[in-house]
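Next come two complexes, and both contain subunit A; in the first it sits with subunit B, in the second with subunit C.
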Partner chain A sequence: MLKFFLRRFIIAVCVAVTVSIIGFCLLRMSGDLAAVLAGENASPEDISRIAASYGLDRPYYIQYLDWVTSALRGDLGRSLFTNEPVSGLIMDRIGVTAGLAVASLLLALLIAVPLGVLAAVKANTWVDRSALVFSVAGQATPSFWLALLLILVFAVQLRWVPVSGSGTAAHFILPVITLAVSIMPSTMRITRAGMMEVLSSDYVRTARAKGLAPFKVLFKHALRNAILPVVSLAAVQLGLLLGGSVIVESIFALNGVGYLAFQSIVRVDFPVVQSILMFLACSYIILTLLSDLINAKLDPRVQLT
Partner chain B sequence: MEHRKYDPADAPVLTVEGMNVDIAVPAGALHAVTDVSFSVRQRETLCLVGESGCGKTITSLALMRLLPRTAKLTARKINFEGHDLGRISERQMARLRGNRIGMIFQDPMTSLNPVYTIGDQLEEVYLRHRGGSRSAARKRAEYLLEKVGIINPGQRLGQFPHQLSGGLRQRMMIAMMLMCEPKIIIADEPTTALDVTVQVQILQLLRSLQDEFNMGMILITHNLGVVARMADQVAVMYAGRVVEQGSAEDVFRNPVHPYTRGLLDCMPKRGQVAANGRLGSIPGIVPSLVGQQRGCSFRNRCVLQRQACSEGQIDLRPASSGHLYRCILEPAATVLPTTLPVGSAA
Partner chain C sequence: MSSVSDAVSPPALKPGRIDEFDTLAPSPKALMRRRARSHIGLIIGASLLAFVVIVAIFAPLLAPYDPYAQDLTRRLVDPVWGPKGTWENIFGTDALGRDVLSRLMYGARISLLIGFTAAVIAGIIGATLGILGGYFGGRVDSFIVYLINVKLALPVILIALSVSSISGGSIPALIILLGFLTWDRYAVVTRSMTQQMREREFIMSSLAAGASHTRIIMREIFPNLLNQIIVIASLDMALIILIEAALSFLGLGVRPPMPSWGLMVSEGRAVMFFKPYLIMIPGAAIFLLVIAINMAGDGIRDVTSPEGRG
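Presenting the complex of A and B:
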């Protein structure tokens, strides 16, 4: 177990370093940052002055090492735009994004897993076909369109929930639904596929030959085996949600990490962009580790090595 | 150990009369099992013998009511302890499965759930049918693991299936199905997936447990060696029908149906050799079972085939007392031309 964690920690560090280097290089390659910061009508002298003041005239590896050493000390730099500390900017928004992501994932799992089980049990019946139609429709619906539609119906017409903002829990209802719909189809299909395979397995037949009640056969013997790929998928989806809900956060004016990333990219606020990138990389690393641990807990054959 | 023979005077524990299983396929109905009848007493072993696809596994699954959804079971009567297994509700059937009727499957490597401990899977049966505390169930599980020849039951119960060998897993499976002392145990090729040395041990174990717990056993196999070792009664199946059935002694000593004769010729035998110096074989393949079946289903592979074989319905008829066969020829006329005594071949 200790060996497992040590190994995973070393891998995690390697991944983090790689991501940071690639991210750093990509940002620097996106153009002359000093020129962009100086504006369109700046003279070459202005540009070199700005480059010097931000340290952009130094060699890349010095800039990188400088950034890494201060990041390790907890100093992620300041926003070029607002001059606030980057760590503060991100911390202020993590709550919104994480809440949104976790709530969406939970809602999606709560609906998609039982629906997938049902579709597998009732394979090739109208129940299964309806579930398929539902998932294809869900997959084909763009989030921005669904978000606008939901706003139009439930916020503007029916006035059940507020249009946008992040003041109360009610503000989160529509965005959570929008995101949940986007990740439900794949979860549902994977659950169904897993259950289909497991339901035709010998050990499920054994469970039935033991005279166990149908719900026990289904939820004790079958689902625990079928859920393993769902766990891995859920981890990836949560990672996506933590970083990728830019559109939904923008439409609902939720002040989250995704929206901050979008704003910062537009403003060439590279310290913020670089930090958000690292935040996402670390989230993925932790989530993958978590899903491996859960799978090992669920299936004794999974070796933690 | 001397096998306590069953008592022919006992009433059968299980009686099957006129059982059919039809499977819906795109081309129509596949008659997987047609008009199968037999009975099993306590301590009696009935072997269902036949090649792959002859309907022996479907027969066993039908008795457990574990057929695939597309399969339909009909029977004049399947009497087990006063229940008609063909007619009782699924809920009633679930109360008998694993409790009064146990089933052991072919592949012990895949028949146990990989994510639960052996102990959990054994106790579960007991808790479901007998109720009571988990510690009582655990005691029962330990007792049965000793019965199936496992040395340190306490430790084994905490292990997962993947930590055990195939032979051990089949012992676990047997113990699991004996948790509630069923009256009938159905074993579908229980040794086919195991090493030869382990096979013999498992068969001996089944036999001794059968005597100890007074169980009737339905043993499904394609291995005639297993039949010779285990069977009291034999039913030879071909293309979904029983073509010959009777006591093991009758069927082995005086086989009547050309298919049974052919099967026995496929076995190496002391003092006999086929005319060409090879082991016997039956040419041809099993016919399709889709749609209306007429005449004898074995006729296309039968060296004694004649016109009348493809006509009407051929019923089982007695060759001698308690020994039935399904052929239009008289018992004396079914001798195959290929088998000759040693020395008489040129």
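Presenting the complex of A and C:
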């Protein structure tokens, strides 16, 4: 187990390093940062002065090493826009984004898992088909559009919740629904597929044959095994939700990491963008590592190699 | 599924001629056509997709107005079903007096062009990596699995937004960017399918007959993966269209005055409380196009590999 963990951990660290290099290069090479920062009417002298003052005129590898060494010491640089330390900017907003992601994940699981079980139990009936229609439609709905429709209906027409901002818990209702809808279809499909497989297995037949109540067979025997893929998917989805928060937080003006990322991209605040990129990538890497470990723990069939 | 025709057709026949002699049982292709004709999802999805493609190709002939022509005397005209709507502008006009229907028709070009080309680029990258990893195994495979893990850890939306913002958001730049950000699913699926196929008899016999690796990959493995790759391409194209719409909506994808559907939703947002149709119509267009592509893709999967129905 320890060897398995160590191996996975080393790979995860390597992946994080590679991602940091790629992310860094993408931000530097997709355009002239100094020219974008200087604005449209800047003279070449202005641009080279800005490049020099932010250290953008140095070779890429030196810029990268400089950034990495200070990042490892906990110094993520300062925002070009507000001059605040980037780490502080992110820490102030993590709560909003993490809360949003966890709440959306819980809501999605709460709806999609029972629905997936139901679809598997009633396979090929109208229940199954409506669940399928629901999942196809959910997958095809752009989340920014769904957010606007929810605002139109629930905030403007019905006035049940506020339009935007992050003052009260009510402000989070629509963003949570928007994000939850984006991951419900895949969760439901995986639950259904897992449940279908388990329901046709021998041990479930045995449990039924010995006269256990259908409810008990379903939730005590079958679901326990069918839920395994859902657990590993949930970790991946939590990572996706953190990334997806960029869109949803921008629409609802929620003061989280995603909105900060959007604002920083618009005003070319690259130290902030770079740090958020690494923050999202590392959360994803840590979450998938955790889910691997949980899966290895839950499922003795997983080979520890 | 091919066992039926294998059993009844003499081995000397060329594959293309099996149909003529095969009177005992329908050939796999005939079975496939039969399944395709009775698959409602495939029919609806493919027809809807074909409709959008035709509208996109013939937009200059079909569109009633120039999609860029502003008419400030006819701003925010209701669509035909609205209180003051007329047949002159069936879907109404936007805040600059541009005809929404014409913009929608030209916008289909942007979505389809970006979605299709980026999905092809992603498919080439992903399938190449997946097949190489699955076929050669060992260190090559470990390296490719590592690349896939790195790709999965990249936050797609954030990278797409920032790169598109710095590089200026031209359509070719967006296509390359989205192609490079969405190849993972191709790689994962083709890798595991190639791994399974490698152990099959027809590969073994090719190897024994002295075929080169290139030949085996191009002539034996790739053709057998093609159906699967097309199915993934449909899912990927739908995903890319959604990402492009989101980027354009946030103002960092396709730039104004281009009629990207995501951009149209974003332009309608300012007046959505009074003129909700300006966000409803382009949003519904994205929704329908993505549904059509997904339904067609699911349909192709069911029809080409009935045993793999999920």
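Here, the second predicted complex is superposed on the first by the 302 of 305 C-alpha atoms of A that agree within 3 Å, B and C clash if a C-alpha of one lies under 4 Å from a C-alpha of the other, contacts with A are read in each partner's own complex, and residues count from 1 in each chain.
One rule holds in what follows: a contact is a pair of C-beta atoms (placed from the backbone, for glycine too) under 8 Å apart; a residue touches a chain by one contact, two chains touch by 3 or more.
From a predicted model like this one, the values you see are computed outputs, not experimental measurements.
S.K.: Does subunit B (first) or subunit C (second) touch A:L148, or do both, or does neither?
M.R.: After superposing on A, A:L148 lies in contact with subunit C but is clear of subunit B.
S.K.: Would you sort A:A209 into first (subunit B), second (subunit C), both or neither based on which partner it touches?
M.R.: first
S.K.: With both complexes superposed on chain A, which partner does A:V19 reach: first (subunit B), second (subunit C), both or neither?
M.R.: A:V19: touches subunit C, not subunit B.
S.K.: Once the two complexes are aligned on chain A, which partner has more residues of subunit A within touching range, subunit B or subunit C?
M.R.: C
S.K.: Which partner does A:S275 contact after superposing on A: first (subunit B), second (subunit C), both, neither?
M.R.: neither
S.K.: Where does A:N295 make contact in the superposed view: on subunit B (first), on subunit C (second), on both, or on neither?
M.R.: So A:N295 meets neither subunit B nor subunit C here.
S.K.: Touching A:S201, do we find subunit B (first), subunit C (second), both, or neither?
M.R.: The first partner, subunit B, only.
S.K.: One more residue to check, A:N225. First (subunit B), second (subunit C), both or neither?
M.R.: After superposition on chain A, A:N225 lies in contact with subunit B alone.
S.K.: Determine where on subunit A the residues touched by subunit B overlap those touched by subunit C, and list them.
M.R.: No residue of subunit A touches both subunit B and subunit C.
S.K.: What part of subunit B is in contact with subunit A in the complex they form?
M.R.: Subunit B residues touching subunit A: 64, 66, 94-99, 102-103, 105, 107, 110-116, 124-125, 128-129, 160, 162, 173, 176-177.
S.K.: What part of subunit A is in contact with subunit B in the complex they form?
M.R.: Its residues touching subunit B are 201-203, 205-214, 216, 221, 224-225, 298-301.
S.K.: Along subunit C, where are the residues that touch subunit A in the complex?
M.R.: Per the stated touch rule, the residues are 146, 149-150, 152-159, 161-163, 165-168, 238, 242, 245-246, 249-252, 262, 265, 269, 272-273, 276, 279-280, 283, 286-288, 290-291, 294-295, 298, 310.
S.K.: Under the stated contact criterion, what part of subunit A meets subunit C in this complex?
M.R.: Touching subunit C from subunit A are residues 11, 14-16, 18-19, 22-23, 26-27, 30-31, 33, 36, 136-137, 139-145, 148-149, 152, 156, 189, 193, 242-244, 246-247, 250, 261-262, 265-266, 268, 273, 276-277, 280-281, 284-285, 288.
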